[in-house]
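Here come two complexes built around subunit A, the first alongside subunit B, the second alongside subunit C.
Coming up: the complex of A and B.
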């Protein structure tokens, strides 16, 4: 992935050279399935998860599901 | 003769004289027994595991957590020096404080052998001493106020507030629910004082069960108790005592009842019957329910909606003492299993297991609400994850069970791993089963 130039943080898929789009994505952890909107490559379907999200809210959800 | 496989060597107590005797866990076919030999009173054998799943497949070995600041030293030997002593191997997850010995029921099974007496309340300053001793020994663990029937005390809100003010983060009341159902003003006062959870005795969904175990019909008042807790945002955990030939066929009904009362009802905590305190007869193996049988019954009676594979051993107490499973339930017939397959702590140490278990109990058994976030302060990306967190908090549901030990099946190695401790009026911490253990005549080691 490479970061685009404009201030709206457009993201380009490094492999397909197309712009990522905000799309509904199913995330699964343990047996929990959730649908969220994430930046996704329309060509190869790779999904971008920024570090802030991975270490922040996503980690909170993981912990909520894992619990004991 | 059936082939015998020795699982482990341990120590136990003679049910007649309470003297310490050597014992063995051994398997024959699909059953595992605790066998022990008293030089004076002979051989005793009690089933502890009935399953095609071998007991040692369930049994995860891990490091134990010797107590760093023991209150007593071992002089007479386990279980006579409890305080906790230097040979205990697990910290306190939940501490019980018995605030009264008085009760408004006379159940056929009662570990506390409680009765209707108005002169058996513990003084408030003694309770404060108990809280303070506990805080010194175990830090801010979870509290269960028990009895007797704690709601018979009009000053129960004061007792709860005292615990909150002293820094205990989770306070639960263990109750038959009669006053909770009859006196909404009292429930409101409990909530205002800081009560997090009601541990509600709930043995079945028909009155015959209550008539048999509790001496009177109680279902309507239990339902009213749940309604009152719902009104005041207090989480409820249903706690059935399971007795063969009385309510083993009620397991699925109880779970369905619990699910239909979520999110106020946070889960079901099954307690297979133990034979200590007041019991109607001396037990035979047919009068016992073992954990794997219960797991199978849960799967069968929920028509497979809760699979036994989703129920896992604990990371805190001994693996033979309990199981638990975590689920998301959002209505209808679908229950999503979210129990982590490796169990709660995997191979991590017992100290970490204890820390995690405290948090688990507090989260799973309290009414859970995500912290409010002002709409304008979060963007859409964050909001969707917050929505998931709120779903998990509101719709998580737990199924768990705890198998207590009585004088017939007590395994002292297992008792040393105990994380549920009773605070004695002198401020000592005593593992729950040891505190309640009584001999064949009902005489206790610690409970007077």
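Coming up: the complex of A and C.
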């Protein structure tokens, strides 16, 4: 994960001009509700999802939930 | 969904029924597997397979009179497989001593067996194994009876001795030199729960039930020479069946229930050999086959199985499944409430093309099964959203203001500026307008895919129709609802049909002119009351449109019929007629007309399982040597994507002079929507002189999208429009991330049930797209 986190740290919130912070964030899909740690803007709450995560783990969980 | 009916359908499938050799073997040797093992060279396994069904294997394996061979379907193609020779080979080369089995407690009852020939021996052996105390009476001084007549004739005495040792080693009481007569029976019967009479002859005529071998109304069962004096294998079989009957009799279970398949029976399996190359029976060079001869002979066996539909269906082959197993999977899928629905992906990978039914002599339709299953999944909320989401949104687009349109033929009043010489004298279109009545006789319904793939032809076709047909021709743009039907959303398809019906009634019930095979099948299914005619039929019957632009070369074409209209002979004939009158030569594919295959788009497989769609494409494009001629927009797009030169019939009619038309790349998903919107705009402007009411959204910048990104967009079902909206939101609301290292931006926007992400850089008034992706999971930003 360390490489992915490095990539995370390249990004700041453009509106608030602040560093992102790793925070617990709620994610939902179909009947699934989870809490995961993601990078978000502490001021406006926008959450960063990088491509690797969206196309990797997230897609996998989506597919899993769809076939339940 | 009616699961009993489903299972019934599965049971009808003969895929796994025994081949005729196995059914004709009184002991039902699994010939197919046996022969496969020989071919693989695993003789020990082959022997074990024999041992499982054939008692006294080493004897019968050498002297069996092989009724199986007369029924082998290889008969007509070089001669029946030498099954008995192969058995002889395996008992010679593949014997290995059996595993020791623990003796059963003998507490189920007492049985007498009279006669020590192969039938009595088999019954005694089986009954002992089932837990009976058996006494075997033999009139002579040794066991074996008729077996000894083979000694020296294909059978060594030592082998007979050795096999008979089996009986001696068992817990069977032997009474040799004991000849029992009719009058002795009464007394014997008092000592035993049942008796098996397997003597060569008997003093009185017995009434033997042919199925249970019971002597009417008694505890006596009779077989062996008493029912068949000729065949050794029949004798063994009767011993085996008698043991089953006696076990049932003593356990007070029905003697007859589900025993139809004991002894010789007729298998429902059909295996067609017409297309098979004849191969002659392998001759042995010595008394027994050698390894090479045996393998070669085994190789001639078809390993009979019904695979007719499977052979034709890329989908079933991809999932390595037969209809009977497919049905069992669906049944399982339907019955689980919690747990993983493994079969979802498979169910969404059938193209619903219907070829399986056409191939099956029992008319089993996996299309019907899968269609019903999808509907049931939707009903139970078990349909994976992502499978069809894009296609359904695309359908919504086509039925929105962006594309949807209904117009009657421009009135005479509206058109009067065209009615001047010489225009009216040479333009059939203008003549058509001049003859306008104000009552719409025909409504041209090109569907959603044709305008997406061939935006340039729609207007020309419309003019042709107005000029050729008697009666006013209107136009109706929209989507017939096929995506909803394929996705199993019956209700949505119904509602869509209802809207079409409403329009039709409003226009006083015109005849629809259809140009898409999917539309044709949807109209047939949901709107049977609407009279339709295919555009191809009109071309064939009213004369081809004038065009001086046609492709010059006349090469040989393979017609690929659309699967949605496999039974529409009028369409098949019209297409061929058009191609002939244009001067093309046609070559029919093996799978053609009612037996045509799907291009891979059908059933929304293209969206649910792209690899599966590609497998269909690949298979189909390899079937013919010529270029392909199709009449469905999606067929063309898919085949071209598979590298095949493919002409749509409209390419031949209107196509621009080059042969390269056949390889024109399919428009991307974004371009398809754009094309539809353009078709509407252009028609309104050119035919009705109206400006489209829906202005395209305006953006104050220019998007730069590389070919690579376009490819990614198509793969991930991300439209240009989606990207525009995401960026628009980012630019206006600054809801975006900034990369401190490379100065790019990353932004997201959730639309409906999908969150789209775009990474981009600003270059003056240009926006350069760096990557795009999406996810369905919702991230709560709070």
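The definition used in the following text is that the second predicted complex is superposed on the first by the 58 of 68 C-alpha atoms of A that agree within 3 Å, B and C clash if a C-alpha of one lies under 4 Å from a C-alpha of the other, contacts with A are read in each partner's own complex, and residues count from 1 in each chain.
We adopt the following convention: a residue touches a chain if its C-beta (ideal position, glycine included) is under 8 Å from a C-beta of that chain, and two chains touch if they have at least 3 such contacts.
The shown structure was predicted, so the numbers you read here are calculated from the model rather than taken from an experiment.
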Message = Based on the shared subunit A superposition, would you classify subunit B and subunit C as clashing or fitting together?
response = clash
Query = More residues of subunit A are touched by which partner: subunit B or subunit C?
reply = C
Query = Which of the two partners, first being subunit B and second being subunit C, lies in contact with A:66: first, second, both, or neither?
reply = both
Task = Please work out whether A:37 is in contact with subunit B alone, subunit C alone, both, or neither, and reply first, second, both or neither.
result = first
Ask   = Is A:57 touching the first partner subunit B, the second partner subunit C, both, or neither of them?
value = first
First, second, both or neither for A:12, with subunit B first and subunit C second = second
Key: subunit B versus subunit C as contact partner of A:26, first or second or both or neither   = second
Message = In the superposed model, only one of 364-372, 400-408, 688-696 or 706-714 in subunit C has C-alpha atoms clashing with subunit B. Which one?
response = 364-372
Remark   = Residues on subunit A touched by both subunit B and subunit C 30, 58, 61, 64, 66-68
Subunit B residues touching subunit A - in the complex, by the definition given at the top = 315, 324, 326, 328, 336-341, 344, 356-357, 359-360, 363-364, 380-382, 384-386, 388-389, 391-393, 396
Remark   = Residue set of subunit A touching subunit B in the complex reads 30-34, 36-37, 53, 57-58, 60-61, 64-68
Contacting residues of subunit A [partner subunit C, same complex] = 10-15, 20, 25-30, 38, 40, 44-51, 54-55, 58-59, 61-64, 66-68
Message = Which stretch or stretches of subunit C touch subunit A in the complex?
response = 338-342, 344-345, 384-387, 733-742, 745-746, 748, 755, 757, 759, 771, 773-782
